[in-house]
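Next, two complexes with chain A in common: one pairs it with chain B, the other with chain C.
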Partner chain A sequence: MTEKQYDVVVVGSGIAGAVLAKVLTQAGKEVLMLEAGLTAGMALKPEEDYENYQSYLQRFYETTIKATNTPYPEIKDAPSISVLEIQPQTPYETGYMVQLGPLPFGSDCLRAPGGTTLHWLGNVPRMLPNDFQMKTLYDQGVDWPICYDDLMRYYEMAENEIGVAGDVDSQQGPDMSRSNYGPDYVFPMDKIPQSYQDQVWIKSTNGLDVSLYGKTYTVNCISMPQGRNSTPNNDYRYADTVWDPASQSLNLITTDKNYEVVGATWNSYTGERCEGNASCVPICPVQAKYNALKTLKKADESKLDIITKAVASRVLIEPGGTDVAGIMYKAYTDPDSIEYTPHIAKGKIYVLACSAIENAKLLLASNVANSSDQVGRNLMDHLVLLTWGLLPEKGYPYRGPGCTTYIPTFRDGEFRKDFAAWISPIDNWGWSWPTFAPGSDVTNAVINNAMFGKDLRSHLNADVPRQTLLHFECEQAPCADNRITISEKYKDHLDNYRPVIEYDASDYMRKSFKAAKHVSDQIFAANNIEDHTIYSPTEADYVTWDGQGYTFRGAGHIVGTHRMGSSASESVVDKNQRTWDHQNLYLVGCGNMPTLGTSNPTLTMTAMTYQAAESILKQLESNN
Partner chain B sequence: MTNSTEHFDTFLAISAWLTGYEPVELQGTGMVQTYYSTLRENITAIDLDAFFAESDFILAKAQTDVDAAKVRTASHLMQNSSFNSLGKQIILMWYIGQWFADPSGDPNNSVQINAQSYVEALMWPTADTHPPGAKEPGFGSWAVKPVSVDTFNVTL
Partner chain C sequence: MNAIIQQRQGRKRHKRKTHDKCYKKCGTISSVKDLRRHLQTAIEIEHATLPPYLTALYSIKEGTNAFSYQTIQSVAMEEMLHMILACNILNAIGGHPAINKKRFVPSYPGYLPHSNNSFIVGLGKFSPEAIDTFLEIELPAQAGAPAQPDHWDTIGQFYEAIEYALCHFDLVTEGGIFTGDKSYQLDENDYYGGGGKLFKVYNLPRAIVAIQEILSQGEGMSDSIFDSDEMFGEEIDIAHYYKFNEIKEGRRYTLNGTPEKPPCGEKVDVDYDEVYNMAPNPSIKNYPEGSPLWQQTNEFNKTYMALLDSIHDAVNGNPDELKRAVPLMFDIKYKAIALMKTPYKDGMTAGPSFEFVK
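Let's turn to the complex of A and B:
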């Protein structure tokens, strides 16, 4: 189909692919983007774009059991993981993922135009400087080949592109202060207002001393930086990230104008502020929450070709050489048909940007970039221990963005030698995650307790607004045996491989669940929260430690399957995110992260993608 | 066979009695006709006739003796043996917006009635909030207590 030789072929239109498309085309490079999902999701005309997005919202409303991927089309030719397919007992192969266990992997991502940013929550805290040196400081995992300072300027580019709302000065905690951001730095927009419930929590939690293994920690509660629209910060002076051929670098250029809020892709006047839909996951109806299509639509259209319904299936290598010669993709017409036509996309440089799961799968299927035997290994996620209870007064949850305040107290410390660090978002959405509330409160009252009438109404009104939920998102350490593989036994509709997952939670993780619950107990006691947490042995991802059981949940932070490192023998990509084995093949996305830290990974991954874009531009120009 | 509007008034009145919402609040959702049709699609006319006859009896009793009407409701509408749990089905339909085929047997066997039934489910206003993804209350509204007109315990 396409014989044109592009400068860069990018596989995937999520945030990493979109940033590359924007930066590279604006620098004058010809880019071809391959996207496995449907054409409608890529609509560039406002009317079609709006209609397609409304169809997502309708699907969300109409579906009985709502999950993270509910609003988006399920297609057999490019299946997405569904969290509804997760089962307690492994092995099983009933979903898209083949789960060999011993524990099921509990997170999903989305294969569609815009990628998982369509359903992400939008929390964008930066990683901490110490997160990059886990081996040196805590003898856990590995060090990154780059340090926090190396990423700082790229963090600023990512925060500009995503449009971060937050308060820099309040970002105070272990290994985190004003110095992490520089003396004058501000986010593009003011912080998203913290919820009423947060204020109830803060009264008895901010400044609380909790003890853990003989040490005292003072808890603090701070606002969460978010990729959603708020009021522009008048002190913010960055306009955009621009390639400077003279210095061979990407630079954030300054402006006298105030930050311009980026609204919905179909109408810039829609979604200029978060409107409090309280449905960021799975869909922001007004696109006040950032998604990658906003970035993609800023690309230079004259330099960008996008082919949708194109599933990358194999990376081809020059016969007798090591350079990538092309990407074979399968183009389908009917998304549920087994019929396809094969094509080859050709460019000078190739970039895989289709998620930690799909990138690893594609590399393994092609037998490329794997001289280190690290492809597919070190699969990581935040293992989320939830604790929930009833506040003594109404906190009025189920309102606002999912998280507006978090506890950074256990993000870093000497304890990381013994057990995993965690970040603790205070959840604004009641018990919806662990118990499917408030629907389950209704069914319990009506079906089990036969309640009706004003008694039913007043019972629900007295209890549901007091529901509260705390997260302990524990940093999973890299483990070579937590991995994605492929097998001839497991193929999808288009004869592409399905991901085969082996996964477990190490003692290092289980110790952190015990520690987190101990901290939760003290915080709940200080707030007079009546603990209703239940971990049931029949649940998926139920584990035990020291005689107690805990259930953890996936955070959707799928990281680490093609890690970056300082040597070809131990990593898949170098510090520029180029594969060690193929000089014209780059990988981008969360798969590059050697360790996870306690941040939601998208911001860091986006920062890294800017760094990769800069390397790609340098390489293209040096070859000219 | 009942005609399409027979029992409609009783349906609205017994819905109010079972949900604890005033008839005008239920009408305000715009869902009364949809839910009435859902009943007629899922329940035989003979069973509906019997259910509404009992409902009329309870509603009449409630005019003079609320406590006695409550006792009668508990024993004649809210038992699993009462009309195959139809009373519970009606409450769940209003509160959750889903049709539960067999609430007392398999509580997971439910179907979203339509998009609007999600948006209008009573569990959201009951919880002093709005359905996620609809009826958005505006920027920063979550930073203060919810603003609402308290209709509870008000006789309209």
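Let's turn to the complex of A and C:
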């Protein structure tokens, strides 16, 4: 189909692909983007965009069991993982992922225009400086080939693009202070107001001393920076990230105008502020939450070609050489048909930006970039331990977005030598995650207790507003055996490989569950919260440590399958995110992260993508 | 936007003298006090369009009539912006907008405030008749039509008289008339979600830009279907009259569309059956006191009053109050739709009545 030779071919239209498309086209480069999902989702015309998004919403409202990918079309030709497929017993192959175990991998991502930013929550704390030196400081995992300071300017670009609402001064905790951001730095928008429920928690939690293995930690509760629209901060002065050919660098340019809030893709006046609809995951009805299509819309259309319904299947190498010669993709018409036509996309530079899972799959299927044998390895996620209970008073969950406050106290410390660090968001959605509340409360009351009418209403009114949840996102350490592989046995509708997963949680994380539960108990006690947490051996990802059982859940933070490193023998990409093996192949996305830290990874990954974009532009200009 | 203001400032300074002559010709706005009264009327006119637009909007069943829904919504949002812009102008010349008083609340069916009483505006469901009324409301002034401080034919002619008076009194008053407390001004940080950027008004050029914004969005530039949003760095958009005409004709305008010709672009689906069959001009007086519909309507009206109170406080020195108005606006919507789902009589439903209550 396309014989045109582009400057850059980008595979994937999620946040990494969208940032590349925007930055590279605005710098005058010709870009071709391949997207496996449906054309409608690309939604470049306002009316069609609106109708398509309404169809997402409709599907979300009409489906009984609402999971992260529920609103979005299921496509046999480019399947997405469904978290509803996850089963306690491995091995199984009933879903898109083949789960070899011993534990099932419990996270998903979305293959559709805009990628997983359509269903993400939007929490965007930065990583901590110490997160980049886990080997040196704590003898765990590996060090990054870059340090926090190297990434700082790119963090600012990412925060500008995502449009972060938050309060820099309140970002205080271990290894976390004003100095992480610089003296005058502010976020583009004021913080999203912390929810009523947060205020209830904060009363007895902020300043609370908890003890853990003989040490005392003082818990603090701070506001969560998020990619969600709020009031522009009058002191924020950055306009946009622009390529400067003279200095061969990307720079944030300043303006005397206030930050321009980016509303919905179909109507800039919709979603200019978060409306507290409380369905951020899986879908913000007004797009006050950032998604990658907002960035894609800012690309220079005249320099960008997008081909949808195009599933990248193979990276082709020059015969007898090491340069990438093209990307073979399968173009389908009917998303559920097995028919396709193969095409080759050609450019000077190629970038894979189609998620940690799909990037790894594609590299393995093509047998490229893998001289280190690290492709597909070190699969990581945040292992989420949930604890839930009833507040002594009504906290009124579901008022506002999923999380407006978090506890940073255990994000860093000497204990990381022994067990995993965690971040603790204070969730705002009651027991919806662990128990499918409030729907399950209705079912239980009606079916088990035969309640109806006034009794039912007063029962629900008494209980549901008191439901509360705390959550511990434990940092998974890299492990070579947690991996994605491919096998001739497992292919999808278009004869592309399905991901085959081997996965486990090591003692480093299991110890962390015990510690987290111990901390949770103390926080619950201080708040007079009646603990209703149950971990059942029949659940998926139930593990034991020290005679106790714990169930963890996936956070959707799929990281580490093609890590960045300082040597070709131990990593897939170098610090510029270029593959060691092929001078014109870059990888972007969470797969590059050598370790996970305790931050939701999207912000860091986006910052890294700006750095990659800069490297790509430099390389393109040096070749000219 | 500063560049535009500066550019217009230059042009307008030059035009001031001419404007002053124009003022004298149409001059029934006799004093600054009188000018403030007219600006209060302007706020009342902007507001009076909202209950009819919102009623038609909320009568559309969810998931249907996407184009019409978006169109009416965008117009309503812009009218809200205009209302607050008019408040900014009034505050700028030392006036005090009165939003929550009994006389502020229009009764439907009725005429728009201080108009020539040529057409009646009522509260009705989304229908061809409703769209015809909306076209009357947004009718563009003929080129060269005179400024009209009272008994106006079009809203444009009314604002033109205000513009002339602003120029005149700013010119003849020692120290100018823009002496209002700047902290009463609302800007983009206070207001969002509709029709463009709200900006502070503290001098004549800004007041004129504000009036131009109001007029161009409503009726279009004198000889074009497009509004001036492009100048405000926004996407190209067409003026209200022509937006409603697209619904009436069931077709979009193309980029070469002109006021003279009907739209000839792509077709849009308009389905007047996918609408709650609301009895026109609902009123609490139709229901026995204390009956469920009476109570439901009373609750709606109380929410509407709370919203007006909130806006009143916001434009009288307490801008933050506008944030607190946001949940009330959602409440208005939910309660209006609930009323339109409640059977009333003859196969028709109840509806929002937008009445004054204590």
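Here is the rule we go by: the second predicted complex is superposed on the first by the 624 of 624 C-alpha atoms of A that agree within 3 Å, B and C clash if a C-alpha of one lies under 4 Å from a C-alpha of the other, contacts with A are read in each partner's own complex, and residues count from 1 in each chain.
The rule is simple: a residue touches a chain if its C-beta (ideal position, glycine included) is under 8 Å from a C-beta of that chain, and two chains touch if they have at least 3 such contacts.
Just so it is clear, the model here is predicted, and its values are computed rather than measured.
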- Task: Answer with first, second, both or neither: which of chain B and chain C does A:50 touch in the superposed model?
- Result: second
- Look at A:232 in the shared chain and tell me whether it touches chain B only, chain C only, both, or neither; answer first, second, both or neither. second
- Message: Touch test for A:465: chain B only (first), chain C only (second), both, or neither?
- Response: first
- Item | Touching partner for A:170 - first (chain B), second (chain C), both, neither | neither
- Query: More residues of chain A in touch with chain C or with chain B?
  - Reply: B
- Once the structures are superposed on A, label A:278 by its partner contacts, choosing first (chain B), second (chain C), both or neither. first
- Query: Of the partners chain B and chain C, which touch A:58 in the superposed model: first, second, both, neither?
  - Reply: both
- After superposition on the shared chain, which partner residues are touched by A:269: those of chain B (first), chain C (second), both, or neither? second
- Message: Identify the residues of chain A that lie in both the chain B contact region and the chain C contact region.
- Response: 58, 273, 275
- In the complex, chain B residues that touch chain A: 17-21, 70, 73-74, 77-79, 87-88, 91-92, 95-96, 98, 100, 103-104, 107, 110-112, 114-116, 118-119, 123-124, 126-130, 132-134, 136-146, 152-153
- In their complex, what parts of chain C are in touch with chain A? 63, 66-67, 70, 74, 77, 188-189, 192-195, 234-235, 326, 330
- Item | Touching residues on chain A, where the partner in the complex is chain C | 47, 50-51, 54, 58, 231-232, 234, 258, 261, 263, 267-270, 272-273, 275
- Message: Under the definition above, what is the set of chain A residues touching chain B in their complex?
- Response: 57-58, 60-64, 193-196, 199, 230, 273-279, 283, 285-286, 394, 396-401, 404, 428-430, 438-439, 441-443, 446-447, 450, 452-458, 460-461, 464-465
